[in-house]
Amino acid sequence: MRRVTHILRADVRRFRWPIAAWILLTAGAFTIEGTSPFVSDWRSVGSMQTGEALLALARAITGVTLIVLIVQAHALVGTTAFWLTRPFPPLALMAAKLLLLAALFLVVPAIAEAVLMSAYRVPPARIAGVTFDATLLRAALVVCLAVGAGLARTLARFAVLAGAVLAAVVLLGFVVMLIDTWRSASVNATATLSVGRPMVFGWMMPPKDATAGIAACVVFLGTALLLLRAQYRRRARARVIALAVTVPVLSAIVWALWPWHVLQADPAPPVWARDGLSIAPDDSPPVVYRTQIGEADARQRVVRLPLIASGVPSGWLASARLVRATYTMDDSEVQSRPGSWPALVAVGETTSSFTSEFLNGLLDVDRTIGGLGFPPDTGVEILSVDDEQLPVEGASGRYRGELEVALLNVAIVARLPLKRGQVFQEGAYRLVIDEVRLDRTPGVRVRVSQALSSVGRTYPPVYAVFLRDSGQRVAIGSDSFAIGQFNPFTPVLASSFVYGWGWHFYTPWTSGFQARAEWVTFRTAHVRTYAPGSGGPVEAPPVEIEWSDAELVVLRLTDAGALHRTLEIDRLVLPKPVEYRLEGGIQQVFPGQ
Amino acid sequence: MNVIETQALGRRFGRVEAVRDVTLAVPAGTVFALLGPNGAGKTTTIKMLMNLVAPTSGSATVLGVDSRRLGVAEFQRIGYVSENQDLPDWMTPSELLAYCRPFYPSWDEALASRLQAALALRSSGPLRSQSRGTRMKAALLSSLAYRPELIVLDEPFSGLDPVVRDELVRALLEVPDERPWTVFVSSHDVDEVERLADTVGFMLDGRLVLAERVDALLARYRLVEVVWPGDVPPRVDAAADGWQPQGSSGRTVRFVDTRHERPDAMERITAHFPGASVQVLPMTLRDILVSLAKRPLHPEAV
Amino acid sequence: MPPRLPFSVTLRPGEPVAEQVVYAVTRAVVSGQLRPGDPFPSVRTLSQELRINPNTAHRIVASLTGEGMLAVRPGVGTVVSGAPDATPERREALAIEVERLVVEAKRAGLTLQQTLALVREQWARTSRRAG
């Protein structure tokens, strides 16, 4: 141990300037991240973002350079390194390097991050979770770089090696993409596998949990450490390079095949739903679409039927996704494919415009403009088969299907007066009104921060805001649906980590801390909405906001589990199919247009 | 007990055999000088002994341990100085000493001071701004202060002026006391090592052409100069009796007698050159090695 | 820089070092430069001053001690012991040396007178030191 500290101290003394630079840059980066939401001047924001990007670049370069310098201080390659004929115990050397790297690249950022998060009032348990995730990822990256550094003699050679590896990865990705594109060349990029609006109901699909990602990360870290150890003990460079390929391969295998979803959030459906929830069709006729996916594939026929869920208390929404179905005609029987995307099920009496009714009831207004980001209702997909399996003109038969019904709880969690400094905080989510602007496009500027960690075992809820005017009894949804959503592609601090690609509330499953200022705007002008098959645009009259009466209502949307329900229709008549065309949308019209 | 032993040691780089079939033994307490021209394979041999490079054939044993398994325990008893070793050149000489000290349990501070005096080494700025001689001195100091049992020097004198060379040798001789002390030094410069070495090995084109005690070598090599009375002197046959012709000019014939320790050595000469005037001159080690390097390789004639 | 030793020695390349030193010490003892009882340098000093392997220095001392020119006194160290013994073997070896001297002198073209003059000169030189 004495020798380890001796080597460590010598390294610190040798690299004291780059180390100081790294610490300063880290402190600077975290400080800017922490203070950037407070900057209100638009001009400063621009330069601040440029500064942030430059700082991130400087930090990355300094960090990588420092790691390589520290490892190469006692070169593991070549025959002229000073320590090779000296009694430096190889594992003591490795321990000294790893300790220094851990102190600089794990401890320092973790402390900075913890300070930042507590400044934003993140609860301690969440701070610990985020720190765990971030430290694990950073450790894997650092050890990976250390292995690479140990395989090259100088910084320049390492740069060449790293460049070669990156080029190989990019090339591989390109090749994979080419193969994939060639294989699915016939798929029309815009027509997805679903009929209806694409991109919508991501929140209804259960996301992949983070356990596989964490396990893969641990495997990556462990195997990289073993490689590093082998390099320190044997200096068998060729063998280590050959083995180094196994590290990402092994991790990828673990990621793909990990079976135990320990960390997966598994919300249990609420008590009332188990016995009380039932799904039934309403009186509307089904709509049958004929669609073709790509040039070469067979045409498909998809049946959509508006459904009503009963037994659902207020504040709850439901969506249904087809699991399997059988349609029995006189002379034949067809089995359906599973449905692609879920669709909202009407809650209440009727199936048309029930979301507006739902929101009106929830927000206690007469009219709601904009909504929860869900499109107008088009019915639920209940049957999906090949076109030639059904008669051309239509059919009649007995239907039996199984649907997965997911429940979403929508609750008001805050009513904030439109004043600067108003705060809403729940868990690690914090929203503070910074500025209120009243002009042609009203809006508020909020500072919003969120911290997510993989060990929390909960789906992070989505927060939406509505501007509510009690005088006119109208509520307006914001332009961007969810406020303070995690953007996993913010590269600044490497404190967000994409563990898996399940789309939950429009974001991949991530971990980390983010704070930013957001402009939330509310469209009060003419709004026309189109719905496919609805027969034309629907106009809504403009809204004048009485700001003295207005407030900001914060809604929380929480995933609440799923149940299976059976749908049986004795006689389901399928009309002649119509060709599906992607149409519809929301168009904003300004007065005078 | 042999401190260093090699058995048909060889190293191949691609197609080139830098070292082949080197077999030598260095007993404890002796100084072995490995000599030879540049590129003969001396540095590669030393690198194999120090486990910097793995042999591709044969084996070597250092301090009783296979060279491929040299570890902390052995390196605590070995001092290695090489002209192509990367010293930590951001350190000053005293920082270098302080850096090395904790790794050697047998570090002798008093010896370190004496060595510093013998080397006339003043601690100054970082090594990278020092002369070659100072760097070599610092390296030597940090490799001798713990009184190693085996000292391996790879071309320690190259590029250094005579004063510095003298100081290096003086420091080297400061080390041995009652405990055993073995030196393995390679050089392409004979003069410095001639006095110091007990045994000399000569490498040429990767092979160990000769390995012999210096006094025995000096005893049997003689340069013979014959002035023939007539016009055409008898030829000297290359392989005859260990004679190596060194050319002739006019009536004067020169050759190297490599077996002059034999009692009948003079008789053979006078028998071959009856009536000629014969001068037998001793050869320095340098002369011997030059003659070895110049002749074509006849192992039996060595 | 000549070695700081109590006897004169100049090492020349081409001859084994040990032999040269033994000869130099012998000459010093014979000529009186080293007298019986004088302390003799330690192996270490010999090695350092002459730039030779301590092992070689050790062999030199051992050889000189074996010939009786040096003796090891407990508590004192190595001292010069006395003139070398006159043995029949020495006389025989001397005869060979004299033959060589004569052959060389004849080759060099010296007469007997001149050779004897040279011998006298050398004798005087070594005797002077005994002075």
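Labels A, B and C are assigned to the chains in the order they are written; within every chain, residues are numbered from 1.
Just so we're on the same page, contacts are C-beta pairs under 8 Å (C-beta built on N, C-alpha and C of every residue); 3 or more make two chains touch, one makes a residue touch a chain.
Just so it is clear, the model here is predicted, and its values are computed rather than measured.
If you sketch which chains touch which, the chains link end to end in a single open path, with no loop closing it. Chain pair with the larger contact count among B-C and A-B is B-C, by C-beta pairs in contact. Centroid to centroid, with C-alpha atoms defining each point, chain A and chain C lie 96 Å apart. Separating the centre of chain B from that of chain C, both taken as means of CA atoms, is a distance of 29 Å. If you average the CA atoms of chain A and of chain B, the two centres end up 70 Å from each other. Residue positions of chain C with contacts to 2 or more other chains are absent.
By the touch criterion given at the top, residues 29-31, 166, 169-170, 173-174, 176-177, 181, 183, 191, 194-198, 214-215, 218-219, 277, 282-287 of chain B touch chain C in their complex.
Of all residues in chain C, those touching chain B in their complex are 11, 13-19, 44, 47-48, 50-56, 107. The touching residues of chain A, counted against chain B in their complex, run 2-3, 6, 10, 14, 75, 79-82, 84-89.
By the touch criterion stated above, chain B contacts chain A in their complex at residues 47, 50-53, 71-73, 75-76, 78, 80, 82, 84-88, 90, 99-100, 102-104.
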